[in-house]
Structures are given as structure tokens and as C-alpha cells.
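For reference, chains read A, B, C and D in written order, and residue numbers begin at 1 within each chain.
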Amino acid sequence: MTDTLQSGRNRIQWAKAHMPIVAALGQEFAKTRPFEGLTLGICLHVEAKTGVWLEALTKGGANVVITGSPGTTQDDTAEAIRADYGVQVLGHRNETFDDHIEQCRQVLRAKPQLLSDNGADLHSLLFSEEEFADQIPQVIGATEETTTGATRLRELAPQQSFPTLVINDTQAKRIVENRYGVGSSVVDGIMRATNVMLHGKRVAVIGYGYCGSGVAMRLRGMGAHVTVVEQDPLIRLEAHMEGFPTEDLEPAIGDADMVVTVTGYDGIITREHFPLLKHGVILANAGHFATEMELDYLRSEATQVRRIREQVEAFEFRGKTLYLLSGGNLVNLAAGDGNPVEIMDLGLALQALSLAAMAKNAREYANAPQPVPRGIEMQVARLAVDHWIRKGLS
Amino acid sequence: MTDTLQSGRNRIQWAKAHMPIVAALGQEFAKTRPFEGLTLGICLHVEAKTGVWLEALTKGGANVVITGSPGTTQDDTAEAIRADYGVQVLGHRNETFDDHIEQCRQVLRAKPQLLSDNGADLHSLLFSEEEFADQIPQVIGATEETTTGATRLRELAPQQSFPTLVINDTQAKRIVENRYGVGSSVVDGIMRATNVMLHGKRVAVIGYGYCGSGVAMRLRGMGAHVTVVEQDPLIRLEAHMEGFPTEDLEPAIGDADMVVTVTGYDGIITREHFPLLKHGVILANAGHFATEMELDYLRSEATQVRRIREQVEAFEFRGKTLYLLSGGNLVNLAAGDGNPVEIMDLGLALQALSLAAMAKNAREYANAPQPVPRGIEMQVARLAVDHWIRKGLS
Amino acid sequence: MTDTLQSGRNRIQWAKAHMPIVAALGQEFAKTRPFEGLTLGICLHVEAKTGVWLEALTKGGANVVITGSPGTTQDDTAEAIRADYGVQVLGHRNETFDDHIEQCRQVLRAKPQLLSDNGADLHSLLFSEEEFADQIPQVIGATEETTTGATRLRELAPQQSFPTLVINDTQAKRIVENRYGVGSSVVDGIMRATNVMLHGKRVAVIGYGYCGSGVAMRLRGMGAHVTVVEQDPLIRLEAHMEGFPTEDLEPAIGDADMVVTVTGYDGIITREHFPLLKHGVILANAGHFATEMELDYLRSEATQVRRIREQVEAFEFRGKTLYLLSGGNLVNLAAGDGNPVEIMDLGLALQALSLAAMAKNAREYANAPQPVPRGIEMQVARLAVDHWIRKGLS
Amino acid sequence: MTDTLQSGRNRIQWAKAHMPIVAALGQEFAKTRPFEGLTLGICLHVEAKTGVWLEALTKGGANVVITGSPGTTQDDTAEAIRADYGVQVLGHRNETFDDHIEQCRQVLRAKPQLLSDNGADLHSLLFSEEEFADQIPQVIGATEETTTGATRLRELAPQQSFPTLVINDTQAKRIVENRYGVGSSVVDGIMRATNVMLHGKRVAVIGYGYCGSGVAMRLRGMGAHVTVVEQDPLIRLEAHMEGFPTEDLEPAIGDADMVVTVTGYDGIITREHFPLLKHGVILANAGHFATEMELDYLRSEATQVRRIREQVEAFEFRGKTLYLLSGGNLVNLAAGDGNPVEIMDLGLALQALSLAAMAKNAREYANAPQPVPRGIEMQVARLAVDHWIRKGLS
């Protein structure tokens, strides 16, 4: 056995040990064979958690072709997936974006009846390239991981001829991933990036939605003194009742040892705000876009910018030093280790059951992007209760 | 400027930004010059936090010779310390244990009047080797970082001729380092080692002393379901009142997804207990010794042992898989990033003021190992209030 | 000045000190006079918080006639309201239910243009009694406090000729009252009723909705060991992630020192469950109906029932003693002191602004029961941010 | 059976249901009969919890004479104790202080071999009045509940001829009563006294010792925004690390909606501080003395003082209204319901075992006031683990 094969298998084993829902679905699919005779064309990060999911799909009879996201493929995991589950895995770590697009085409050339997409890459080629015109009617259903992908879809093919279930828009993911998963992985990312102690740190958390409230609670759970900034008065009131001092943006950041943005909007911390910050402040972003802070401005105005730790840049700006984590990118993903395994157990279970539902009877669904039906969401929640809570690990 | 020099300076700058107490002592020492004309012989990890402290000592007039602990010297930091503070730094990353002992001798050959020791290495050579006999009367005082070092001292030289202040035995360190520092760095270490989510995990914390209670509280702060095991009934009662379910060892570990030992004693989890654990359990130690679990036994009885992630070994044992973090070593240090900067700010401030007190009037102290006087401890606490709390960062 | 007048004024002063939103609306209404020339007919508990609100309405030019809920009128407060705000207050502490209905009729006989109702008592007389037929077209708008009242309305007068804004169905109330208010007042009620310590008590909280999650969090905040029982798997998952052990009903109550029901459903703890309870268990209900537990059965099967403290009955049932708080009625209201002042500040502000909106332009609203418009809800939230958070008390 | 007898029995039954340790000691004493042939003379509040304890002592063979504290005797409970346990109970609710002293004399006239004292009233008569001179040598041992009583003793009879074990100075009581018990009963007392919501209230807690840290944690657990004021820098640091913002006294109280003193010292809030307080602030004390605030001054300078609720006085002072709870007396005891039952279970168990130890072999102890021996404290802790934790209620 090669070293890389073993290494890939190790990764998958570790992931599987913490993905009891997808593992259980695999056992069930081995009996019910929902994908018998069907080809699945997939575009998703090729890493260990995906490996566990691919095992489940193939146990269910699926013939699978997958390409990873550009440049994120774990080569050892890919090798194990090929060797152990008979899946055709396209791509590798050092591929270019053009390679990626070509691999997406190869996925479509395998004539899949079901698509599992991420950012609408497969859908978009399917609907836009001549080569795949005949392919469209053969597709019976699809899933799309992201909300952004779903928006893109609605513009691309206003009258698409099959249903696409959008995984991200579920209450289950909002709670498990946004509130709890992000909350803890942001804490993890900040600790790794900085090695500072959170106890006693004054942290301004900007935004108290699903993610922001999770971040605020976990930072508090680590002994930080959190102040919440939130522009919606009703949500601000909620933070206040929950025990968080709330403030308007300017006083809050002027008093902070650390500022974490989690709003999903551009231009939260702008050129007007940088001069208010304290010497030595740490800036981190956990919202979707690095543009929550006006970093271009900061970068151009700073008299010096130095990388002082792997994930920390020091900006000399008007006589103060400001420290930026992970270049303003999502600090939990950039400085940490990505989403915890359990989040993907839940998300990939939603994927697996959505695909199985369409394999069984795609005609029940409208031919358009749409949320995962409540029935499937509840089924996954029930499985989480069974496997995460009732059975524990064993 | 070399790359390594710059890299060392970056490390020290980052540390200094979070060590306001030692930095402020440096400024004061520059005026009061407590170490004028004195040579300090030091044995301590050569890393960035130590660099900030050495700057303060040299500002105070000290002539310094230091050797690191065996094999932990950061070469880039050493280069910056030599270049910027005129300190003689002995040793490098790839040194052997014999190299280390020889470097300790070199420190003594520099004829220091003050010693700062770690594990009693300097003291022990001083008192045992012929070569240093004449040296003894010239030493006016010393510090020793560890409690173990202090115990060793009492045996070595029952009638030593100068005072040695033991840094570790202070309430300030117990609270800041043991309760809060360890609590958060253990959480950090576990998250890094595993990438699992702590929310909802059943964790048995064994031992509820300063460290264990901190670990229990931080894990709870991250959403884990913590059960405490504690043999002292009074302390168990405290955990119970604080909101933790408490149990006897066997039921607690039999129900756990994760077990963390923090007792400071050997043989907590023994050969009798491994069979009780659940398939898939994660085992971690945050107590002083890897021997809190009977790992030799586990290692010899397991049918297979594989490293499955950098800090995770999988043991196949009687039909179950048990996962051990960091080989049973202190999980916060091994899988994490060592003590947070702020802990060292406090600990090194105790060191600096203890050395300065002895430089001023060592005769006030008994000629024996002894705790840091309460006055110095209170002074450090006051500085922490000033610099960590009143002034914040700026 | 009579003693009762002074006592009523004291109560109102205390309430007003903690009702800054309604107090501020009073000042604004004094300028804008939204109710100039209008008569308001009201059915609501006559107590101090209502007094503060009535002051605001009369400052806004309203001519007010009010009757309390049956048997809850505080006579001293009524006296102060009459004396100080010129409001016509009907009813007194010892009135009968028939008295109450007759007083409702008197309210309608005052020919109000605006109604403020509680449980639809005024609406129901208006639509059902011949005497008031001519009155209907003169009513321009109404508010109804309760969801139950709104349901009753929809049946009573399917085509009513004016809008009724239902106060209870707002996110603001759900958060402030259900999650936070009920959470803390339930803790208060239980402590008063029992004088037991919550630290270390095993409490099963049944239902983890807005109220139940608040109850669970506050009990945890007081050191109780809370287990959550929730039948919706998605909500159960949320409780699990939030750090609460969750269980199915039967094991949870069998292990509990205390059981609190908060589901809003009948028959949660039934005849099958009583035998599972531990000797000495304390039973409390915080959901809307005493029927969450099958108390008729318990009462008839118990060999002895004794009132052992003011709010505690001891049931001897099959060799065990079960303790029931407040006869199964809402323990926060029955054993405690009713809703905290601040909750009513928010709720009555919603009332005041809803009435003012209809006074200004009732025709904007559909002629039917309906939720408070989001604009009004946001306005109240903004006022809460201003007066509770920005200004603090002063 | 009279109504008062039944009422007393009910109270004792309720207390006993939550005093499993003392109840279990009673069962053991029934077998071991440690007090066979001995007379116990007691001075302690005559209320239900004491009743449970007296039952245990009499089961152990004791002949008991007891007088309550002045004016706190529950007459119904006294009746039940007399009827059911054959104890001679002196005193009643409406007694004067002189009555009380005379009753103490009567206790001594019963020629007790063991004393259980509260505030040293019995000891002091014994050592000072001629009548009891002969009595002294017959006393073999005693307990004293309070620290103050013990101090008084040391002055009274520097060479006393028997040991007196001081109950209050144990780690068990410090944790269970001061940290956890006081924390929760202060929250209870404030909620009862005021009916305000704690969520979102800015509360300054002055003093972060055993009691103060408990108060701060429970208020936080109820959603308050707590700021800690503590003069000891080391303890302040602990509060800071635990997640509490800390401040110096003046800024903290100037920003507070509520101020709670818990220092044990006089003159914390003085005439200089009252003008800094906000209009509408609520003032409460949980430390031993009402003199933590300079209330005489406030009372004399206020232009008006009115009782506005049962436990609330409103002071008009320099254009602001300040609200004082319970006249500055311990707010948990004055506005609440006294110590929770469980605290007394622990405290009276310490009493019972201390008395039994002296009955068995008083000569093991020095003839002086002294702490409860660690062995007894551990025994009580073990019993708490057994009865509160292992066995739960049943």
C-alpha cells in the first residue's frame, strides 16, 4: 500500500468516526439502493468528509464522477476514494482554474442523471454550452450547496427542466453551522492565529445574526468581555437581554482590544473608523466577504505592512499598529481547520437525502431552484438526534 | 538584515504587544537600573516571550548569559536577542542534552551574581561540580520557575547560602495560568488536534482543581456537556454547585465521547478502565504527566496503533477504536501553541521583580528555596490591573 | 390624602421609574395629542403598570373608560388613577364575574371610538348584544392583547368593520417576554414557592420553545443541572448544541428533582408518567394551561393531598410524595409577582402606538384582527434601545 | 390536632424533604445513640430546619432544651417540636430581649453537658453570672455558629475549660453557603423586593470574595450586565479573567442601574458617593452590616424618604431618586426567605457531628474556640455527595 493511499484512508477513517449520520445513511442505502443504475455528477471539495459521503452514495448503487473545487483537492484522499469506492475523481491539488472548468465538462460528459453542484459550475456549463444541450433533458434533479449558486441559477436558466434543491437554506444548517459551528471555529481560528488569551479581552462583535450571536456567545464562553454592535434595534435588544452590553459602532471599536466583523455587508469598518482604533488592536472578519473592512484603504495608507506571524499582518497606521488576521478572510476557515466534521455530517446528509428523494420521484418537485423540503430537513434532524444524541459515538 | 533576524524580531514584537507588564517594567528599569554591574545567569526557553523579558533585564543594567531548555531554542529569536539586546545566548534548536548541560556550565563560568533557573539545572551544577565551588559565595540570590525544581533544590543543598524564590507557587499564577490559561489552551489544543465540534460532546473531566475546573468551565463555554469526576468530596461538591453533573470515574468515562485527565497523579485511567470506554472515544491529558493514563499497557495490548492525524493515534483495542491525543502529553502544549502570551507576561514579571528585589537586598530573605513574597505578588497583580485592565492595549 | 391614594401613587411611581418607554410616549403624546376628542374603552388589569400607560393616553388627549379583569383590580391604584388622570375606572377587587360583564357594557355605553381589549370581552359584547348594534360603526379601531382573544374574534365577527391589532404576536414580545421575561420570572416563582436552592438540582424542562429555552437558560444560570425534553428534533438539536443534555420524556422525568412543563399543550405529564417520578419531586408548570399535567387524575388517585406551604401541595401517591407548585398554574404568575415591569413597558408601548396609529389613520388597515405592523414594532424596539440601553435609567 | 400543630408539622416535613443529610444522621444516631444520657442546651432560631435537626439529636438520645433567637421563634413549629420530639422549647414570637436572656438562663439551669450556641449568648452567661459558676466544669464541649460569637468568646474566657467548635469557619460552608447560597438568595431577594427584570440591568457588585463572586455570577446568570469593583488587585484580576468588566468604585457606581455591596466592611458607599449615583438607581447590601453604605447621612440629607414598596424606600436626594432595598440590611435575608433549606442541611450536619464528636471524646480537643476538625468537615462533604448527588431525592 502506498503512503498516500494510507494517509487518505486515515483521513477518511477519522472523518467517518465523527460522521455517524452519513455513515448510517450508507448502511441504509446499501439495502435500499436508491441510486441503482444512476450516474451522479458532482462538483465538491475533494477531502475526507466528502469521501465518507461518496462511500454512502456508492453503497446506494450510484455510479459517481466528481471534480473538486479549484485547487482544494487533497491528493491522498482522492487516491483512497478512487481505490476504495470506485469513484472517478478528477483533478488534483495543483490544477488551474481552466483545468477545473474542463473537469466539470468531463463530469457532464459522463451523462449524469443527478447533479450535485457547488456554486452552480455544473449547471452553468450545462445550460450554456452547446455540447450539453442534449444532456439537459436527461437530468432528473440536482442539488446546489450554496445560496449564491442558487441565485446564479435563477438568472441562468429561468425555465430549467428539473428541480434543484438548495442545501444551504435550511434551519438545520443555520443553527448547527452558523450559530454553533461558526461560533466555535472562529474562537479556534483566533486562538491559532494569535496565541493570545481571550480571557479579559474587550472584543467588539459587529453583527448579531446567526453567526454573530454564535461568535459572541463562544467568545464570552472563553472569558472575553464582549460588546455587541447591531443596527437592527430588535436584534440589538435581544443581545442586550442575553447579557451583552451593546453599543454604537464608534464607541465600541474605540474601546476594543479586538474587533470581529460578522455582518455579511461591505464597508462596516471604513476609512473613517481606522483612526478610532486603539494601538495594538486585532482585527478579524468572520462574515462572508473580506470587504467588511475597507482594507484596500488601510493597505494603501499604512506606512508599513509586515507579516508578523503566519496569519497576522502588522499595519503601521498614523502612529499606531493594527493587527489584521488572515488578510481579512474568514478567520475560522483561513486560520483554522475549516468546518468541524460534524457540520459536514449534517450538510452532506441533507445532500444525500435530497439526491435520494429526487432519484425516487423528482416529479414531485417544481422545476426550479428551491429549498430542501421540510420533510427531508426533519428527517436529517431526526437522524442527528438518533446518532449524535441517543447513540453517542458507539 | 537577514531573514532570520527579521523573523526573530517579528516574533518579539508580537509578544511585546501583548506583554505590557514586562514592557513597562523595562521602562522603569531603564531609570532605576536595579541590575547595574550585575551578571545574570539564566536557564529558560529561548523564545519570543523570553526575549521581551531579556530586553527589560538589560535595560535595567544586567549583563546576561542565557541557555535555553534542551532542544526548544528558537534560532531566529536567539539571533534577534543577540543582535538587539547584547545578550549572550547559548544553544540552538538541534542541540543534544549533553550540549545543554555544557551550556549550563558556560553560564556559570560567566560568574553570575543572580541565577534564574528552570528545573534546578544551574543550581544542581553549582552545588555538585568541583569547578563551581568558589562560585557559590558570589551568588546573592536566585529564582526557580518550577515547583519540581524547588523540591530538587531542597534535597541538593539543604544549607544553601543564598535565597531562591520559587515563581510557580503564587496565587497569581495559580489563577491566571492554571485556572484560566490552561482552561483555554486545552480547548484550543483539542480543537486543533481533532477538528471536532465541542458543542454537544459528552466530556468527562477527571480532576477539578485549579486546572481541571478551568478546563471544565471552558469546555462548557464551548457547548460541551461536561461531567466532572473528583475524588475529594468537598471539591466534588463545589463542582456540583457550580452546575456540573459529577459522577464516579467508571460511569463517567463509560458514557463519555471524550475524556480529559487533569489530576497530577499517575494511574487515573488504568488497564481496568480501557475496556469501559466507548468505541470512538477521544483521550486527552492536561495534567503534568503522560502517566495519568496507563498508556504502556494500552500500547502493548492494542492490536493496531496508527497515527491518523498529526496529533491523533488510533488504538484498536478489543474491538473498539480509541483515539489518543498528543501521545498523552499535555494536550495544550503539544497540540496547541504553548502558553498564551499574557500568562508569560505575568510569570516573567514575577521573575523580573524577584530578581530586582534580590539585587537590592538579598539579605532580607532566608537562604533557602521559598515562595515569592506576597509584596511582590501584589505588585505584579497591581501592574496587571494597571496594564491589562486600566490601560487596555494602548 | 388618604392612605390608599398614597399607596396607589407609590405603586405607580415605582412602575413609572422602570417604564421609560411608556413615560417618554406620554411626553410626546402631550405635544402631538393623537387622541384629542376620542374616547377609549379599555378592558385590562387595573394595576400600577396600567396606570403609567393610562397617564400617557390621557396626556395624549384621550377620554378614557376602563374596567379591569375580573377580580384583579388593585383598589388603591384605581383610586390614584381616578384622582390623578381623570380616568373613569370601573370595578374593584371583590367584584363578581357578572359585575365584570356589566362593567364591560358600561365601557361600551361610553361610546368609545377606540377599544383596547383583553380576551375579546369588549368585542364580544359589541358584536352580540342588540344594545350595541348602533355602536359598531362608530368604532374606528381596536387592539387585543392576547392570541386567544384574536382567535375568538375571528369566529365572532367574520366581517368586522374595523381593524383590531393583536399585540401578542410580535417578535419583540416573543423575545423580551417569552424568552427572557418568563425565564427569569419562573426562576423567581420557583424560589419563592419553595425556598430550595437551585444549584445542583436536576431539573427536566419540557418544551424548548421561546419560553422553555428561556426557562432552561435561567435555571442553568442559577446552577441547576438542566435536561431538556423537546419533541421537535430540530429544536432538540438546538438545545443539544447549546449545551443542554436532552432526553426523551420518560427517562428525563424519572431522574429529575424538579419538572417544569412549558409546551403550551395538554397532557404532557399524564397518568402514565406519575408513577415514574421520584419521591420528593417538585412539579411546576409555566405553559399556558394547568392541563399540561393530568392533575385531575393525580388529585383523585392521591391517598392524601395537603397544602404544605402557601404555594405547595403535597400529594401522597403510591408510596411517594409529589410536590405541586401553585396548583399547576403558571408558576411565575401564581407564585411570583407577575410580569416584571419592563415587559409591560414594552407591551404597553406597543398598545399605545397601535392605538395612536389607528387614531391617525385606521383606514390603512384591513378590517380584521391582524398583527401589529412591523413599522410599529420597530419603533418600539428603537425606543427600547434609546431608553433601556442608551439612556439607562436617568 | 390543632391547626398550628399541623402547620408546624407541615413546615418540618417540607424542610426534612430537602435535608437528607440531617435526616440520615438521625437514622444513624437512632442506632448509635451518641447523646445517651446527655443534656444539650441550645440557642438557635426555632424554625422548621432546626426542627429537623432536633429530631436527629433526640433520636440520638439527647435530652434537649432550646431557646430561639430573640423574636424569631415560629410558634407553630415550636408547638410541633414540643409535641413530636419531646424537646423543651422556650420562647415565642413576641418575646422581648429580656425574655430571651432569661430563657438562656433557663437553658443553663437544665444543666447541659453540651452547648450549641449562636452569638455566644449561652457562653457569656455561663462565664459571667455567679449562678452558673458550678456549672462550668460540667460542660464537656460546645459549638458556636458564628465567627463573631467565637471572637467574643476569646475575650470572655481566655482560659475556658472545654472546647468550642466554630461551625462557620469551614470551607464547606464558605463554598455552599457564601459562594452559592448567597449568590442565589440575593438574586431572589432583589427580584422579590423590586419585581424588576435583571436582564440587561447594569449592576455594580462591590466586593468579589466568596459572597460577592457568587452574587456576580448569579446576576450574570440572570442576564444582568455586571461590573465588579474589588480593591484587592489579585482578586480583581480573577474577576477580570472570569469575564467580568472591573472598574474603580466611582465610575462603576456612576454608571450603574443597581449597586450591591458585599464586602464585609463599613463605609463602602459614603456621602461622597451618593451624588455620583444615577437617578433611579437601586441600592442593596448583601454584606454583613447595613453600614456598608453611609445610610444615616443619606437619611438625614434626603429631602423626602418614602416607603414605596414593602422592601423599597425612595430617597429624594439632590434632585434624584435613589431606591434602597430592605433598609440596607442583608437583602437575601430581609427581602427573601432566609437561607435555602440545603444550606442549613449542611450547616446543621456540621453542628450535629461536632456535638457527637465531643460527646464521644471531648478531651481530644483543646479547651478553646477552634475550627471544626477537617475530619468532620470531610465527613459532612461525603454525606453531601451521598445524599445530594448520588441518591438524589429519593
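Keep this in mind: a contact is a pair of C-beta atoms (placed from the backbone, for glycine too) under 8 Å apart; a residue touches a chain by one contact, two chains touch by 3 or more.
These numbers were taken from a predicted model, which means no experiment stands behind them.
> Count the C-beta pairs in contact for C-D and for B-D, then report the pair with the higher count.
Here the pair linked by more C-beta pairs in contact is C-D.
> How many angstrom between the C-alpha centroids of chain D and chain B?
It comes to 42 Å between the two C-alpha centres.
> What is the distance, in whole Å, between the centres of chain C and chain D, each centre taken as the mean of its C-alpha atoms?
Inter-chain centre distance comes to 36 Å.
> Show the residues in chain B shared as contacts by 2 or more other chains, in ascending order.
Within chain B, the residues that touch at least two other chains are 180, 199-200, 220, 223, 240-242, 388-389.
> Just say which it is for the chain contacts: an open line, a closed ring, a star, complete, or other.
Topology of the interface graph: complete, with all chain pairs in contact.
> Enumerate the contact residues on chain C facing chain B in the complex.
Touching chain B from chain C are residues 199-200, 220, 223-225, 240-245.
> Touching residues of chain B toward chain D in the complex: what are they?
Result: residues 171-172, 175-176, 179-180, 232-234, 236-238, 240-242, 246, 377-378, 381-382, 384-385, 388-389 of chain B touch chain D.
> So in the complex, the part of chain A that touches chain B is made up of which residues?
Interface residues on chain A, with respect to chain B: 10-11, 13-14, 17-18, 180-181, 184, 187-188, 191-192, 195-200, 202, 218, 220-223, 255, 257, 278-281, 306-309, 312, 314, 320-321, 323, 336-338, 340-343, 388-389, 392-394.
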